[in-house]
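The following pair of complexes shares a single chain, chain A, combined with chain B in the former and chain C in the latter.
Entry: the complex of A and B
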């Protein structure tokens, strides 16, 4: 098992990790979230990609200054033991929330579409156990799983041709027929689908080729942007504006455009296979939470993983009302995410101040 | 200290203590009487007291382990003609024994050596007179091929090693010998090509073999389980073959081979998951045919684990996935069946499993009859009786056939076991359950290592050229690099550039 700080993430694993952590449950509703932009929503991922790229630079700049330290260690070095640990707890909570967001969204979808007569207990338990197993294998196993998930699910992009053929590409015109308020609203609603790259702050020390890390992360990010644009262009071609605004999971309806002689309702297979994308997202965040606890405890124990797993499970299956959960997942998690992607700028400033005073790391 | 650490420490302490406790057998001077005492109630011990050239000689050997003619010709006859010369000169193959090392003397005697006590000279000699009947070299039954060499290993380590020496006439072929098993004293040979195999891998194999503590090994598969990285996994992590051509190819690729006396199998390490689906015949066939067959074997894995479980999930949870025509046929065929699909599938799968087991244990002719009775009579009867649908019989048969396609028997067994997990998960959560199980299965496979190298290479690519000899077998011209799995010292298979 790849415990400890060994440089184990080769370039292809970094790209796979970035892509699959970003692509998760949010893609299923991406067209719905960005529907405020109407038929112009297809270019919203490009805008998000630009924002992501801009926020990656400070992240990489910070990581280069602390190449062998995770964000948790950087906090303790820059902010001191107690304040650093306080912020670390927030980051760990954020990681657990993200794992729960992915799992919750997926099991609710399962219950709605495939397992109507079941409660979410058994499907969630199964998902949580597999998530635990993968995370227990360390970041290298998580990264390998991400790469494998890409092979298992990537082929589904080919199915977009069915939706594309049935729809009309001319829907994309007129271009830029929207206003700034709608764009900002759509970006705010759908930015959750771009989160995932910020885990870079934690796995950077494990990357083999650190000098080329920026390039590899950007390849991952812009591959995701490309996938999203393809999905949204097909959605624009296939759906009416009203449909996109009102269908909660437009991707499922896109699956319905697929016509095969030997299988109907291919969305069942699609949703089933989506578990690879969910697991690759949730395991990365769970690993992040575990690493946080380990870095704070300065040792490795199984309960460092068991605790966040159990919390993630009880967040969904515990006494919290579904409405409260939705608020946490849709707002608290995303706003914490905004905070985290901007946080490196503050840390860089702090680093510069301390270096200026001769207290370099 | 953590409980696991404490436990590990205790185990190490006990192992260390045992190692020190092992009697070296050293002590007072050995006499013929002491040998007789040690081997009291051993019926096949021959103990002779002779006078040769007016000198008293005690001879010991085991009747069951030597050829009497050979003992006479190589030991007695030269001694009789020696006219009292130094026995070490007269018997060129004789070796002196330590006069106080009873353990080693016993070891030699039990291995078929003849022990000679020259009391006047205070000399003890042993001569290797080991000669036993053994099975002749035959065709491999479990890894049969149409083309290529047909010989296979036998239970004698020496014969197996000679088969490999004949194929690899290079001084770089190194053979390390070990003795393991506290009771059986099995001889183990570790083979590798010194100029190709990775030194770290060789060291790992050596260390693992030296650390094995067990009373005895009746076959290589037992030892293999104790040497593998993850012994709890249902999947094999070392290759197992009975074919010398397979072993030769593996050695040339930089792998390490472990052979055990008394076992007609050799373990290949490290070995990747994909290699378990390769046959030596892939290289005897044309590249295109070989690639097709490899892909059939590999995709057969997916079909065999997903076919019957899909039947369960579609009929239990997602009947809307079937085209109307197929749904009608299925409904009609299942109309008489009173069980839920998962029980129906488990029932038929278990029947197939029982038939397979019964067919293997029975003599060949009865085994064939059982196959026919099971396949046709039970299958037809269970459909007519309404215990199973006829479509399920077709699916289970295809699934069973595909599970036997991998050339590696242990892999084939593992796949059949995993299939039950898929069926149960499909019965519990439909297609989601199947996919969750698939994710778990592949996460487990990604976690497996063979001598520390990930088994899923080149699925998780270590080197892009591995793909040329992975799922497909590219023309020989393109197979220039050794598989990265073996971490070979020399990367190219041809003398280009570096060589």
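Entry: the complex of A and C
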């Protein structure tokens, strides 16, 4: 197992890690979240891609200044032991919340679509155990799993053609018929589907080719934007505006449009394979939480991984009401995410101040 | 040591959590399921409907059908009530056809029923919707000699085929799409039972989810062409030709092999003009007339005549729809594409009703059979 600071992430693994951490449970409802923009929603991922690109530059700039340190170590170096550790706890909580978001969204979908006459305990347990097992293998295994998941699920883009053929591509006209308020609302609602690249702050020290990391991350991000645009253009062609606003899982209905002579109800297959996308997201975040705890404890123990896993399981299956959970996943997680992607700018300023006074790295 | 304690704790916790999972009722096996194939809805009053379901009974030799009916105000309520009537567990996972009686569609509308089924993830996507003359129950309970069992029969009948492509093959998704679309009115196949057969007789036209009228098969073919259907059913054309013996009826049965329609508006809000370009290719399958189809000038004359005929028919049909304020052909979509601002159906209809049409037809005859 590749533990410790071994430079183990080759370029292709970085790209896979970025893509599959970003694509996860939020894609299932992407068209629904952005539906305020009406038929114009298909270009919203491009806007989000631009925002993401803008926030990647400070991240990479920060990481270049601390090439051997994760965000957690940087915090302790820049902010001092106690303040740094306080922020670290918030980041760890954020990571656990994201892992839970992915798992919860998926088991909820399972319950509405496939297993609607039973509770979610067993599927969730299975999901959590597999997540635990993969994360136990370290970041390289997580990244390899991401790459595997990409190949397992990427071909499903081909299935989009069925929905596309049935619909009318002319729905995309007129091209820019929307107002700023709708665009902002759509961006805010759907930005959760773009989160995932910020884990870069943690795995940067493990990247082999650090000089080209920016390029590889951007390749990953813009591939995701391309996937999203394809999915959304198909949704625009296939659905009416009312359907996009009212269907909770538009992807599920797009799957239903697929007609193969040898197989019926392909949505069950699609939803089944979706577990790869979910696991690739949740394992990355779980690894992030574990690394945080390890960096603070300065040693490696199994409970560093067990603790976040158990918390993420009991977040979903525990005493929290579904309403409260939804609030946490839809608002708290995303707003923490906004904070985290802007955080490197602040850290860079701090770094400049400190090195200006001659204390810095 | 720490490691083993961790494992022990985690497995205890998980096994405790598992204890709640053993169910008292097993999920029924496939043989114990009653797969509903056809559902019918009839009007009773504004709140209640009569819901009829047909379930095929798998048996060796002779196929048979179970039919149950109940009164309910929504589909899921009907399922609840019907469940106790059957000896097997009813499921909607193999639902294929939904029938509505004309009266129900006219008086109450079918949006509530369809959306209730659309919400249910068990219901698949290949469920066809049709409107029937009289009562849906009569169709489902009807005796059809030399036909397969009623579930199979109705499913086969409504399955997309070129011959019946004059109406939209509306699955649940298609209908919800048409119903919530802001650029057109839904249409559904209209079934009539006569002489022990069921026939797709004409096309029912709806506004949102209520029946407002009908149009003929012939009009339906043109409407489908305008909606972008590539393969259209055969059409019979009648022309009058001058011969030495006086006027004579010239008959052509034409098979459209490929068709394409382009509907574009000029984007003018005051005086909208809509350009409609129809490109049709096909073969003559039946011909009764004096022309020598092998001779180029005569063939060209026939093409010109048919183009003029199709153009006139399209214009007449669109004018009729325009006057009635209905838009089954989705012409409004071309107006929406050039409209900036908030699009509503009212605006669309207003623009549509004052639009002028500019129709062009281009016809290619690819062949005329083996005799000239």
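Basically, the second predicted complex is superposed on the first by the 361 of 361 C-alpha atoms of A that agree within 3 Å, B and C clash if a C-alpha of one lies under 4 Å from a C-alpha of the other, contacts with A are read in each partner's own complex, and residues count from 1 in each chain.
We take it that contacts are C-beta pairs under 8 Å (C-beta built on N, C-alpha and C of every residue); 3 or more make two chains touch, one makes a residue touch a chain.
Source: prediction; values computed, not measured.
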### Query
If chain A is used to align the two complexes, do chain B and chain C fit next to each other or clash?
fit
#### Entry: Partner chain in contact with A:354 - chain B first, chain C second, else both or neither
neither
### Query
Once the shared chain is lined up, is A:123 touching chain B (first), chain C (second), both, or neither of them?
first
### Query
Does chain B (first) or chain C (second) touch A:265, or do both, or does neither?
both
### Query
With the two structures laid over each other on chain A, which partner does A:141 touch: chain B (first), chain C (second), both, or neither?
first
### Task
Go through the superposed model and pick first if A:108 touches only chain B, second if only chain C, both, or neither.
neither
### Task
Once the two structures are overlaid on A, work out the angle chain B-chain A-chain C from the Cα centres, in steps of 10 degrees.
100
### Message
To be precise, I mean the smallest distance between any C-alpha of chain B and any C-alpha of chain C in the superposed model; what is it in Å?
### Response
5
### Overlap of chain C and chain B interfaces on chain A (superposed complexes)
114, 118, 122, 264-265, 301
### chain C residues within the chain A interface of the complex
2-3, 6, 10, 13-14, 17-18, 20-21, 23, 27, 121-122, 124-126, 173, 176-177, 180-182, 228, 333, 336-341
### Message
So in the complex, the part of chain A that touches chain B is made up of which residues?
### Response
1, 12-13, 110, 114-115, 118, 122-123, 126-127, 130, 133-134, 137, 141, 144-145, 147-149, 152, 261-266, 268-269, 271-273, 275-276, 279, 301
### Summary
Contacts from chain A onto chain C in the complex sit at residues 112-114, 116-119, 121-122, 125, 168, 170, 173-174, 177, 238-243, 252-253, 256-257, 259, 264-265, 301-303, 306, 310, 317
### Query
Touching chain A in the complex: which residues of chain B?
2, 317-318, 320-323, 326, 425, 428-436, 438-440, 442-444, 446-447, 454, 456, 459-461
